[in-house]
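In order of appearance the chains are A, B, C and D, and numbering begins at 1 in each one.
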Amino acid sequence: MAETSTAVESRPAAAVPAGAELRVAVLGVGVMGAFHVEGLSSRVRGARVTVVNDYAADRAEQVAASVPGARVEADPLAAIDAPDVDAVLIASPGPAHDEQVRACLARQLPVLCEKPLTTDIDSAYRIVQAEAELGRQLIQVGFMRRFDSEYVRLRQLVVSGELGNPLMLHCTHRNAGVPATFDSEMMIRDSVVHEVDVARFLLGEEIATVQVIKGAATRRAPEGFNDPMLVIFETESGRVVTDEIFVRTGVGYEVRTELVGELGSATIGLDHNVVRTGADGRWGGEITPGFIERFGAAYDRELQHWVNAARRGTIDGPGSWDGYAAVAVCEAGVEAVRTGERVTVTMGRRP
Amino acid sequence: MAETSTAVESRPAAAVPAGAELRVAVLGVGVMGAFHVEGLSSRVRGARVTVVNDYAADRAEQVAASVPGARVEADPLAAIDAPDVDAVLIASPGPAHDEQVRACLARQLPVLCEKPLTTDIDSAYRIVQAEAELGRQLIQVGFMRRFDSEYVRLRQLVVSGELGNPLMLHCTHRNAGVPATFDSEMMIRDSVVHEVDVARFLLGEEIATVQVIKGAATRRAPEGFNDPMLVIFETESGRVVTDEIFVRTGVGYEVRTELVGELGSATIGLDHNVVRTGADGRWGGEITPGFIERFGAAYDRELQHWVNAARRGTIDGPGSWDGYAAVAVCEAGVEAVRTGERVTVTMGRRP
Amino acid sequence: MAETSTAVESRPAAAVPAGAELRVAVLGVGVMGAFHVEGLSSRVRGARVTVVNDYAADRAEQVAASVPGARVEADPLAAIDAPDVDAVLIASPGPAHDEQVRACLARQLPVLCEKPLTTDIDSAYRIVQAEAELGRQLIQVGFMRRFDSEYVRLRQLVVSGELGNPLMLHCTHRNAGVPATFDSEMMIRDSVVHEVDVARFLLGEEIATVQVIKGAATRRAPEGFNDPMLVIFETESGRVVTDEIFVRTGVGYEVRTELVGELGSATIGLDHNVVRTGADGRWGGEITPGFIERFGAAYDRELQHWVNAARRGTIDGPGSWDGYAAVAVCEAGVEAVRTGERVTVTMGRRP
Amino acid sequence: MAETSTAVESRPAAAVPAGAELRVAVLGVGVMGAFHVEGLSSRVRGARVTVVNDYAADRAEQVAASVPGARVEADPLAAIDAPDVDAVLIASPGPAHDEQVRACLARQLPVLCEKPLTTDIDSAYRIVQAEAELGRQLIQVGFMRRFDSEYVRLRQLVVSGELGNPLMLHCTHRNAGVPATFDSEMMIRDSVVHEVDVARFLLGEEIATVQVIKGAATRRAPEGFNDPMLVIFETESGRVVTDEIFVRTGVGYEVRTELVGELGSATIGLDHNVVRTGADGRWGGEITPGFIERFGAAYDRELQHWVNAARRGTIDGPGSWDGYAAVAVCEAGVEAVRTGERVTVTMGRRP
């Protein structure tokens, strides 16, 4: 930690001088990372991408070429250490997160880390601890639904008390399709993880148990895969959360959430603002085709909040504890898929 | 009128003894008449069809054969005069209505007359006068929307004052298709006539002027036909009613009504109770294919109200004045189509 | 059974001569029975109430007085045996059903029995067997949702294959309020029982297991009551059914059902046909206040189907096996409430 | 024009060097201008406000103080001439627009001018001509609905041909309330003007005639004011556009548009993505309270498009001709209010 301390001394808490743009290294420029590069470069104010890294060199080159002033850095740790980097956006594959996030902490750089924080519960907890020892929040985790106007409205309805005590939460999470290799474990870690954070965000407490009920599978799923599944969370205070996860509907991207309170209920994600009729004798609208169409604005808002906060050397959104809690619940969820039993979520003490 | 008086004497005001069923002659058994025969025979309580009449003998035979105890009578006036007839349902072509309704009045039989009451304003007014001289309401006109639960709810919202003073009314009336001969005049007399009655029912006053704006026509319409058209009514107190009439949409049967009041607005006809998604990536529902699907229950309710009232020798629904007013407005509407001008509706004094 | 046999011989299979009305004894005229008496007397064709029975003599008198030609019979078995009774509608309290239904079977009278068929699984099975020995279906059970146009539509979507194989079913069942004594067991037997039948009707197979998850309770519920609860069924083929049962929402009567198929999903019960805006700055509609407003038309359609069938000496709707299956599932459901475990449903062989 | 020529020479067509931010002078910082200042400073990329002008000195000071690096310039023409200004955003009162826009043209500065372009048809046409003589598009007019995702989607449905030939357009434009002085002429010039542009945008042609029907007025309107009104446009090709304009509903901001095509219809502005139930027994959502909530994102998107284009010395949105056409139609609309007649729109030749 000696070197880290040195680094800390050489770098003020608020990383960016007034008027200057936040210089961002983006690690991993697959679909999500490239989308963020574009957001930082054209839709968000106050930052610019200076360094691009990807294990696929040609992809890194291609993305860097699209951004004036950006260069490629082949080694992610070198990118983090680069003198023209004030903050880091991690969109690399999950297994790379642990080392990359810790390197950012070592340099005390603000970081926006796409989920998962790390791929196992122990490393995630160690990161929580390391950040706590620094005494500053530097890690923001990419749960972008917290920036979606509809989830924000739902949270307001909870906080304001208009719906009374929230008793149940019903989530629907459907994708038109996924790669053939997307198995039950990935359904938990990549898809259900969003509802894990949504439930924690809306209800304001931790998830205590997970149960998964595997029903009849769609023929679209490979033999032996469970799709759809019903995931049931119970929270510390005994609230019940259901999540239908169905990733091969052939229909579209349907993400709906109904919160049932003591005084009323509210549903978001209805996608009902444009309605038309047609010669097929039907009325209705188009289902959002994918997550960028549905949550694109939330991603940009997430970026803008993060950039604004990172310029002050902090975060403005879900932090490392939220990332850790999601890893812990997903860990239990994966075991619940395997055993068919209700599994208790085990979490460390919050520092 | 002497004969009529005799008839009156020979027949008590309440035509049907307690416990007995109302014996109905149905004149005209095309789509509408046959639907009513079926309703009187299987969905409505307290009546049965005893006599069937139609200018097409085979159609009359076919319908009568489907009803136990019903017989054919080739002459509509003989049907009205038959000793086993307590009430008459007129679903014959419009030009036959005048003579048939007057024959019913002469025998003082309760009558349910499909619109139009008659095909010209003078004969319609003479019927209003003749009924007024009898001193009893015997003529109910088949404006079945008044029995539709949604229009009833809308009327309640007006009457209760919840919407405040109703200022505007916007109507949409669309059919998937019509026979090739269905011209602008028929659009007024057969389609818009429903909105004429709806406007009078909801607003509780007479229509004072009619204007018709012929816009760009659909290619589905024969050369020279105006489809769609925008019809604009102004009422005696100056309220504005718009009606988009479009009868060749190729889509379905769409009948919507929005009432705009001083304190709020309300829309009915939304057809939104069943929603589904499909592999076409759309959400939504099916548009009602035709008027029986949309208003079938209202027709049956109309029949039940009429049967209950006719057993007491009276009506329970829109009367001859409502039929007359609709004829008068449609008369002006047809002229408005021809001239493109705002045409004043001319109506006689209400007896 | 000797006397019964005599009765059978003295009474033809088709109980009612052509043209005559079905004479119905109604046992139990609380809210539901009185509603049925009114339906049989004014909204349904082909039947009339001749005998009224209730353990509360004054209530029976009051209801009988409202129907011309109806009389009170103080003893339900005497009512069943009365010579002016062709069929029996049982709306008495559940514990009385077993003896009353068996008396109807003994006289081979068609019967419409409100749920539950009986209050325990053994007596219900004995009724199934007794009817099977008769070789005719005489018992129809009052699961009226099968006659609701929206459930019928949903069933059609399943049968037609438009939604593909149905994989999950999500039900919501909410009441504004219930009597203070309405406990978790009653929530299963009186409320969830409808979803039991809906699931069997829509999916066309039996329910194999039941699990109940009791979450945080509303403050409106008495201490120690579980409201809301999440009930989870798995069917023989492994489909998953969820049912949120919440009977003290203070909001209204909300009954929604979403079927998730391999090719798409469909939701009914949306209550969205009338929409309005108001000075409170909200758009929307009124939630159905109670079950009669929501399912009144289904009840009448059920009655009409039953009357038509009973005149031919048979049934047209869910039968004794459906009543038995519901009892069996509810039995398991009540145990599931007690134990918190997944409980297997035990059912006898279908005769 | 000599001075102008000089200015042109001294300033390259593409006003901003790569990498540099567009320096914007904002003229008029009332509600709209202040909102734009905030947008340019925190939500839009590539520009910053350097100069703020308002006839109310204190307001200008207050707004400038909120933006690092911005200063006040008391004279709008001096602001336009300032060396640290690359582009101008005009949000001053309408009567000031003519002189300010012409000054921008003289300096060949890109300008985003809030509607109206000018307050009379002749001055508007002279601006169109002056810009045409320059041979470059510099004037973008603030019809922000063209940047709203729903209008964009509706336009796509027209362009793609999915709805077939558009035959009618029905617009609803309602405000909860307006200042007491907001009279019929202002309803045309400030409110209906949006539907003028929407109709031109969606239908892709000019409006030929305007008619205004004044119905019963709400009691909320001052004596002699006409609120609501029905405005009817006919386009060059004979399409019909209706616009209900009602600015004192007491309800909220309701802006809906239904396009009726030969092959189907589409409606936007439904505001139905969040739905809730409550103890008032109603389901539904909140109506957008005002234009910033409804169109805030469209305003920002408009700014971003304009900034991107202005950096290249051009526009990306509705131009001076669109501003002129709107003035011409509103001129006719105001006369239509006065006369009650159908008024022909008079427009100059498009340069």
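Keep this in mind: a contact is a pair of C-beta atoms (placed from the backbone, for glycine too) under 8 Å apart; a residue touches a chain by one contact, two chains touch by 3 or more.
If you're wondering where the values come from, they're calculated on a predicted model, not measured in any experiment.
Each chain gets a centre from the mean of its Cα atoms; the one farthest from the centre of chain D is C. Chain A and chain C have Cα centroids separated by 46 Å. Between the Cα centres of chain A and chain B there is a gap of 59 Å. Chain B and chain C have Cα centroids separated by 38 Å. In chain D, the positions touching at least two other chains are 249-251, 263-265, 271-272, 275, 277-279. Chain contacts in this assembly form a complete graph, since each chain touches every other chain.
Of all the residues in chain C, the ones that touch chain D in their complex are 176, 249-252, 254, 271-272, 275, 277-279, 281-287, 289.
Chain C contributes residues 18-19, 42-45, 68-69, 150, 153-154, 157, 162-163, 263-279, 297, 304 to its touches with chain B in the complex. By the touch rule above, chain B contacts chain D in their complex via residues 164-165, 167-168, 170, 213-220, 228, 230, 232, 234, 237-240, 242, 244, 246, 249-251, 260, 262-265.
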